[in-house]
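Here the chain labels run A, B, C and D in written order, and each chain numbers its own residues starting at 1.
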Amino acid sequence: MPDRIDLNADVGESLGPWPMGADEALMPFLSSANIACGFHAGDPLTIRRTVRLALDAGVAVGAHPGFPDLLEFGRRAMSITSRELEAVVLYQVAALAGIARAEGGRLVHVKAHGALYHHVSSDAAAGLAFATAVARLDSGLAIVGPPGSAVLEAATELGLRSLVEGFADRSYEPSGRLRARDLPGALHEEPEMAAAQAVSIAREGRVTAVDGSVVPVAADTICIHGDTPGAPAIASAVRRALEAVGIEVRSACA
Amino acid sequence: MPDRIDLNADVGESLGPWPMGADEALMPFLSSANIACGFHAGDPLTIRRTVRLALDAGVAVGAHPGFPDLLEFGRRAMSITSRELEAVVLYQVAALAGIARAEGGRLVHVKAHGALYHHVSSDAAAGLAFATAVARLDSGLAIVGPPGSAVLEAATELGLRSLVEGFADRSYEPSGRLRARDLPGALHEEPEMAAAQAVSIAREGRVTAVDGSVVPVAADTICIHGDTPGAPAIASAVRRALEAVGIEVRSACA
Amino acid sequence: MPDRIDLNADVGESLGPWPMGADEALMPFLSSANIACGFHAGDPLTIRRTVRLALDAGVAVGAHPGFPDLLEFGRRAMSITSRELEAVVLYQVAALAGIARAEGGRLVHVKAHGALYHHVSSDAAAGLAFATAVARLDSGLAIVGPPGSAVLEAATELGLRSLVEGFADRSYEPSGRLRARDLPGALHEEPEMAAAQAVSIAREGRVTAVDGSVVPVAADTICIHGDTPGAPAIASAVRRALEAVGIEVRSACA
Amino acid sequence: MPDRIDLNADVGESLGPWPMGADEALMPFLSSANIACGFHAGDPLTIRRTVRLALDAGVAVGAHPGFPDLLEFGRRAMSITSRELEAVVLYQVAALAGIARAEGGRLVHVKAHGALYHHVSSDAAAGLAFATAVARLDSGLAIVGPPGSAVLEAATELGLRSLVEGFADRSYEPSGRLRARDLPGALHEEPEMAAAQAVSIAREGRVTAVDGSVVPVAADTICIHGDTPGAPAIASAVRRALEAVGIEVRSACA
């Protein structure tokens, strides 16, 4: 039985004068922070402040690159060649890595955001371009992605560490896939449900799907969505529940 | 008598579908390339291609950060706090450094662009913020700036290497300052004049000013402007003239 | 004794996924809305939604153009030629005017934002460029600005209507100027104080300055700052106080 | 037999310091100019200068809105809701319309650019959103699009004028569709071939396809691509050839 799990969330999603998320409240409950890199959210001041926040809380610093798309927050699907994808990811992750270094820390992992997350998960060429950019920058970095995704396969192929991601606050279909956001019951808004699911994933490698069936969900790291109003409460409940059953919350790369 | 000099130019100033400059023609004559970082010019694909071009030509890779200002090409003066300046420079230089590393090279020097160049040269707090960003990222980097500038003083203070910059294709006033661009005779458009001035700076540490007087101009590196139509011809003439008198053209950090 | 006054606020300052302000709560208390145009805040969807909100509330639609500067929200001073200023204002105001027309309304007034407001108020050439852009687009538009400002002088000269602006929630110096934001007592955070000052301006054309002296402040329109947490409460108190003494709150152009 | 035809080209595609196209050389041969609106190319100064150029040459002013995508020049497919599409088009066309008015002219037609052109041509909801934005702004505007396209059907439905577009410098397949750009023979680079095809379309409503067959191609307006090096020579040859056979080159809306 596993005795540890990683807990990650997307942070650093403010932009200039526009705040987003509750990074300070959320940070103490995390072991890994995915920090927006300036293309779909974030800006140099926000990135630096968020890196500082993570390092001060002992949270592993991750880069969270996205498509160049502020207005739709990187959630807009767009066509992109492998060459451009590689360059765009390289630029964003390099910026994050340098700022982490300037703050006395180091970049540990990379996770794609929004529409880029879906694209590199489902498209083999895109997954390879993403993993190639990361590997060329630093072969010691880990990549976070969904189980069986193109990007994790490419990461493994290139000798990078792959971290499979599960979700505490999203419900699963009997197929083992996440339930689509626009369907009823897609989100576990009650902290207790998210906490129970996190414990089930971390301890037993399985969840109860929306139809009551039990499906296997192995995960190296569990994601808490940071952009919901109750995110800190959910994160707190998840962390307490995990620790209550003797599971240590720790970066998968620590 | 010095037997070597550095020859630098600003490159990588294209943007997406809009080409600028003659980087391929210019590169063989340079020893140092200042590559735009995406805020006043450049984009991830352009940066990567330009880094590759420099490395293939054996030219030292430099970062050329600027103000966030595409429409006026970073030539627009703007107010910026030291905190923001530091973050904005850190972000840009970190991106360039990572891309250089991904291409199998390394970042060697940093030179501010346009209005940022003037700001960090003349304002002590801005010069310190700029040098601090560079030093925090990598204390092995050199900073390029005008003689006696705030940014070079700060660089020295922080233990960074300072590279004093002279100009081959701009004329000097008797005061030792560059002649303002909008005055007649500000530019040496004939390659021979630029070449003669470069030799005079490199060998004798002095130039003939616009009034015929001779003024001291010591320089570790000589700048060729890359954005004029005749830039490659000027660079070629300068390099040939220097080598003809036995001065090696080499990165100051090589 | 005047029996009416205009009450304006800056709105439409959200950007894509980032909300700002409390436009829906604020709108019922206003007679004029200054809507951000996409350069320092706002985007096409936000602009359209805000225009709709204003028209539905019977509030006069105004354009609130700013410098191209999302990260510092248009509050960053920057150099700009008169030619560029004119074009940048023309573009933003034209976009707003067209969206107002598409929603079945019309653009009524224009007020510069942030650093552009200060620039066109204090610099004669900039004030003229701003007023020229507005006049060339539509000579029926009014311009809002501080008393004695360059932009209002230019507006008058060009045959545009000038609207002098006073402030309900900012304190005044004995000189009649606004107290600088970073000094103590610069803001009237209590709704009652803002309300009393608005009534004093509207009815008597004067305010009590920070030192207790009484200074003349004539105004066609009174500004409520929309970006403070208590903005709707202040706006509500101001409007009620004005109406309680028989002053109608109405667009100066209605 | 028709005795007139419209000749259009995409212009105003420079951005800040980056020139593109040969607008001044091209303009005298056109009857309609499609001017980029700042989202995929163009900026306030460029737009204004290009509107002035068109008006001075007696060329009809059109808006050429595109996706928000400078780096790929609006040629990148992206997902967009009808609501956002409508707002984004409204904003761009309104800006262009206002600048045309400020220069003493008026906006005459609207043509989508790049990936937006393809999207509104092939997707019914997108075509309707595009035409709705145009119609709400000004029901006197014409929309330019390919024959049988969704956007032209929507335009007709909404009571807007539809202008069917043919191409002088692109070859046609036997199906009547344009030959894909990446296939051999897709472009007529020789001015004479483009000129002959333009005459054939204008006079006979048909072209000789790549396989030698003759296919019907009716067109109200013929497009010349402005972004090729030989664009002015092609435009000149096309115009001379049309006039030589007695066909007047004139805006379809004049």
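Note that in this section a contact is a pair of C-beta atoms (placed from the backbone, for glycine too) under 8 Å apart; a residue touches a chain by one contact, two chains touch by 3 or more.
Everything quoted here is computed from the prediction, not taken from an experiment.
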item: Any chain that touches chain D and chain C; value: A, B
item: A-B against A-D, pair bridged by the larger set of C-beta contacts; value: A-B
item: Distance from the mean Cα position of chain D to that of chain A, given in whole angstrom; value: 44
item: Centroid distance [mean C-alpha coordinates] between chain B and chain A, Å; value: 39
item: For chain C, residues that touch 2 or more chains besides their own; value: 45, 71-72, 84
item: Sites on chain D touched by chain C in the complex; value: 38, 44-45, 47-48, 83-84, 87-88, 90-99, 101-103, 133, 136-138
item: Interface residues, chain A side, partner chain C - complex; value: 14-20, 41, 43, 45, 70-73
item: Chain D - residues contacting chain A, complex; value: 68-69, 71-72, 76-80, 84, 115
